[in-house]
Amino acid sequence: MILQLEKNINNIQKEDLISSLGKFTKSVSEVQTQKGFYLVALEKGDVDIREIGHLSGVKDVHVVSDNYQLVSKKWKVNPAEIKLRDGDIISQNHFNIMAGPCSIENEEQVDAVIAHLVENNVKIMRGGVYKPRSSPYSFRGLGMEGLKMWHDKAKAAGIKIITEVMQVSQVEEMYDFIDIYQVGARNTQNFNLLDELGKVDKPVMIKRGVSGTIEELLYSAEYVFSGGNEDLILCERGIRTFENMTRNTLDINAIPVLKDRSHLPVVVDPSHGIGIRKHVEPIALAGIMAGADGVIFELHPNPEKAMSDGQQSLYFEESAAMINKMKKAYELRGELN
Amino acid sequence: MILQLEKNINNIQKEDLISSLGKFTKSVSEVQTQKGFYLVALEKGDVDIREIGHLSGVKDVHVVSDNYQLVSKKWKVNPAEIKLRDGDIISQNHFNIMAGPCSIENEEQVDAVIAHLVENNVKIMRGGVYKPRSSPYSFRGLGMEGLKMWHDKAKAAGIKIITEVMQVSQVEEMYDFIDIYQVGARNTQNFNLLDELGKVDKPVMIKRGVSGTIEELLYSAEYVFSGGNEDLILCERGIRTFENMTRNTLDINAIPVLKDRSHLPVVVDPSHGIGIRKHVEPIALAGIMAGADGVIFELHPNPEKAMSDGQQSLYFEESAAMINKMKKAYELRGELN
Amino acid sequence: MILQLEKNINNIQKEDLISSLGKFTKSVSEVQTQKGFYLVALEKGDVDIREIGHLSGVKDVHVVSDNYQLVSKKWKVNPAEIKLRDGDIISQNHFNIMAGPCSIENEEQVDAVIAHLVENNVKIMRGGVYKPRSSPYSFRGLGMEGLKMWHDKAKAAGIKIITEVMQVSQVEEMYDFIDIYQVGARNTQNFNLLDELGKVDKPVMIKRGVSGTIEELLYSAEYVFSGGNEDLILCERGIRTFENMTRNTLDINAIPVLKDRSHLPVVVDPSHGIGIRKHVEPIALAGIMAGADGVIFELHPNPEKAMSDGQQSLYFEESAAMINKMKKAYELRGELN
Amino acid sequence: MILQLEKNINNIQKEDLISSLGKFTKSVSEVQTQKGFYLVALEKGDVDIREIGHLSGVKDVHVVSDNYQLVSKKWKVNPAEIKLRDGDIISQNHFNIMAGPCSIENEEQVDAVIAHLVENNVKIMRGGVYKPRSSPYSFRGLGMEGLKMWHDKAKAAGIKIITEVMQVSQVEEMYDFIDIYQVGARNTQNFNLLDELGKVDKPVMIKRGVSGTIEELLYSAEYVFSGGNEDLILCERGIRTFENMTRNTLDINAIPVLKDRSHLPVVVDPSHGIGIRKHVEPIALAGIMAGADGVIFELHPNPEKAMSDGQQSLYFEESAAMINKMKKAYELRGELN
């Protein structure tokens, strides 16, 4: 059960309210986000919301039958926009593209990618500066120095940055240099990191775990939301199955299911989802028709020389063509609805 | 290695040829289909095809590096059309729809479905008369009596029939009453059945196994082709994974991969792929954008009362709307290529 | 709900009984096996068995809350013995070993294996004469000629035969030459085959499907039992997962779960379960400690030259050593219970 | 390639050595652990170790063909003992038991468990003070206060503590109060945490990821080892598959494979591996026969009232009986080898 509270509720009112709720609930959590003030209560038995709705300080009451609450669509049909700098937004009313290399490698690469994005009117650049790698001997990213270099160039060009944050200490460290935090597929259930991201006022995109269920992804988002941060994006990027002709198995089903269960925007990652350059485009288009609000994909000025994920990174010509096609698919989807 | 032979090759020429091949190959299989005459040879070491190409009776030689051979795209870039009765065809140059109930239940149901298909210009009706069911106590289909009733009505309306064949003895039994045999997901590796289907001159659609790899699906098609039947269709219908919010996990990646590896048409089954009525449409559209040549889906005059799969069968209104949208998505895909 | 009927029940009594059951049940199936006569009824709502137990012709009534019924432990705590020729039995009161090559290849191989089994006091020999193979170009077994040759030699040595039956027509064809039919992992849900095996009076061992659930295995056994054949053995042989360092993932959990759910004996197949010769022994021992009633494994006089599965077939010395160790593990398990 | 260096090697010698290696290698990492000083080099092409072995400061050279190096069995056949306080050790030469509740809940619970362990001669107690939970509203552990309370009681009783560490900052925080750090299944690829654990001189047990491959587990251990900490234990605790009758699928195959690939001790966790109290014992015994060096399991004074994992926690009587049986199984394994 979610209680939306009045903005000007005072402490005495709030404590009275929590105390009044006691008889209906097993637990009550206070949640204060950028956008609202809530009480999330786990109910015991049925609750008659008429007994609660008129309590002082309560703006609205929603009974949510899912175990996740704040990210459920059952209480919030109209999703808010996620605001970035300079008036850019991520929203479910237009098509959101994020593109860039797997890893930030050097100035030349960043310059080339930014020029490509500007030319193709893409506002958000992806790229890793801390890379989770199975082997300790692999390239692990340029770290903060790389991020600062990238940030300066991106800011100058009006491009926003999304990058993976791997641990609690990086949340603050990165804060001034990024626009969206990305939680990677190996950290979807790194609950300390999720808690920490609840405390900041920058958007967070959470990738589905390598073998995470759809429900676990929603719970991970619930962690961040209940920690105080409403500006969340969900990302389907493929799961691990027995099939080995592709890198992962993109779970296309997850897209309509997530859109149906949650009010959060959903982005699809065809690059990791299939892991084979020549097949990225059809998977991106499929993701859009399935209902995705955006696409995140990998590109590189010279994929053959990329320090990571070269096999799934698009050449610039491929990227330009795909962006054009994705827009047409998104338009058609709008017409069909 | 595939050798396409001249049509008028005689036995002496053929035996000379096989004997000449001996030094290059580990094994040679003769394959005579509706459309051609081939030798399929597994090579030992490298073969210089110039030594073979000029042998008497050889029309063309193709070295295929895949383990499957006849179904590989590497020797046949332009796929043939699959001819049905009355001039209807299944082809990669137009959009193929197959729709109908999970099970054939009674005359009223068949009449209603046929009327709906005719109205929406769908040429091929699906329906089960032998149903594979996990429990021996579940409804197992109307059998041959149901098929004959269905066949009479379908034929009168100019509708073609695709239905599942479960065992060798049914291949002949069903022959006069069906247009396309369907091999179900539990029989993808029923090799005796595949062998038998190689001997008939009606098309076969093979569904991917519940936990079959893409490569295993291609091998299963190779069985039927090498048995003598070229008229094959592949069907992606979802695989079994750990995700349990959906019935199966539709492997959208399989569509571009199959189109890339094989010259056979690929059909997507969104009904089994996701198993939830309200999500069938976005998955069907996604399948088309990913490159499917057709869609097979379940509908029912009254899904709530269906004897099987009601939860994933569309109402007629939903079906009509989806057919319309699928055609638009297919058109857009054509424009984007 | 299972009703055990009196042996001498006549048709009129039976029809009266079925008619009396009508008000409690959705469906009633008659099951006549080698060992008993049953009615299996799917109940509607709660049933007061006192209203049924005293009906004429009823020996006993068991309400089984599982969806599978006849194979459930809930009605039959003391499993019967499965009788083979010459007084040999398969039972849960002693340790059952089945061993032999993947494929029957030739007389020399069969002679050598039989000598090894006799020497090590193993009563049952496994071997394939029809081999399910992913590729149509692989070795597919010696067929009936091979089976007859094998049968003659085995019979002379007092060895019993278990071999895979792949299709309905082989059930009768093989009948005179085998002691136990094996349903392979690709045929676990070949329901026509299961129906046919219900009609014969020789034991059937059903392997778990490559990606079959434990419950599906029980349902497959229910098919055969409800078809009339009680002499069933279940076999855990590994499932398909994302792990690719081993051939399959032996589901050790399935052993105690199957023993808990069903009264049927459970055999473990470590050869397919791990697929690596040097690791077969620890997996066999693990299977025994987990509760298996027997072990089926692959061996070969010369594994390096085997026509199939050589990589997981034991040398005779390894087999002899493992048999000895398995017996000691089985003894210890008996002491610990 | 691993070079074991002389203990007294000086900086000049070391730099000379690295420089000499340059022509054979792509990269060289220095690794200084509690027990040794190594250079780990990724080779380019074949290396003639005779050219390296005689270089000044080199004690021994090992070419390791696996991608993981320091955890590979290929250079270290005789595993070292892991020393705990008071002379207790974890070793591959005796049977290691770790037992305790899922979560540390209160003093009474800790007292009761410690008494049970002392009585049954178990030296290491498991228990969580920071609990990773899918939902943010679940009980998340007593934190450091709970750990300190537990530590005082355990120390007084001579019991050692293993507990899960979830993030970098906890490594130092917990240091004085624990004996073994546990990396949980959701953190197996939390690379920052692994790096940090490389810097401490207390043992680390790494659980296999929920859907981690065997190879990924070895790489995770390589992270900690190459960070400087050799005292590592691997734990198989079940993977996520399609089977849903059990909580996870214990991958029994992983045990002989890990023992064959790595010199590190391997512990099996039957509690999470199957997740059903009555089946924990057969799975524990199976794990031992498969080659595990130890068992970690969950127990509780009153499982029905446990705050987490009650369904898989043993009663004390069950625990005592199982400990006794495990010892006998371990003895038998010793005799069979």
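For clarity, chains are labelled A, B, C and D in written order, and residue numbers in each chain start from 1.
The rule is simple: a residue touches a chain if its C-beta (ideal position, glycine included) is under 8 Å from a C-beta of that chain, and two chains touch if they have at least 3 such contacts.
Here's who's who by UniProt: A, B, C, D = 3-deoxy-D-arabinoheptulosonate-7-phosphate synthase.
As the structure is a prediction and not an experimental result, all values here were calculated from the model.
The chains that touch both subunit B and subunit D are A, C.
Greatest Cα centroid separation from subunit D: this falls to B. Between subunit A and subunit B the centroid-to-centroid distance comes to 38 Å (mean Cα coordinates, whole Å).
With centres defined as mean CA coordinates, subunit C is found 33 Å away from subunit B. One finds 50 Å separating the Cα centroids of subunit A and subunit C.
Among the residues of subunit A, those in touch with two or more other chains are 211, 215, 240-242, 244.
Within the complex formed with subunit D, the subunit A residues making contact are 27, 29, 40, 42, 67-68, 132-137, 140, 166-169, 186-187, 189-195, 210-211, 215-216, 219, 222-223, 226-227, 240. Subunit A contributes residues 211, 240-242, 244 to its touches with subunit C in the complex. Across the complex, subunit D is touched by residues 211, 213-215, 239, 241-246, 249-257, 260, 273-274, 276, 278-279, 282-283, 285-291, 325, 328-329, 332-333, 335-336 of subunit C.
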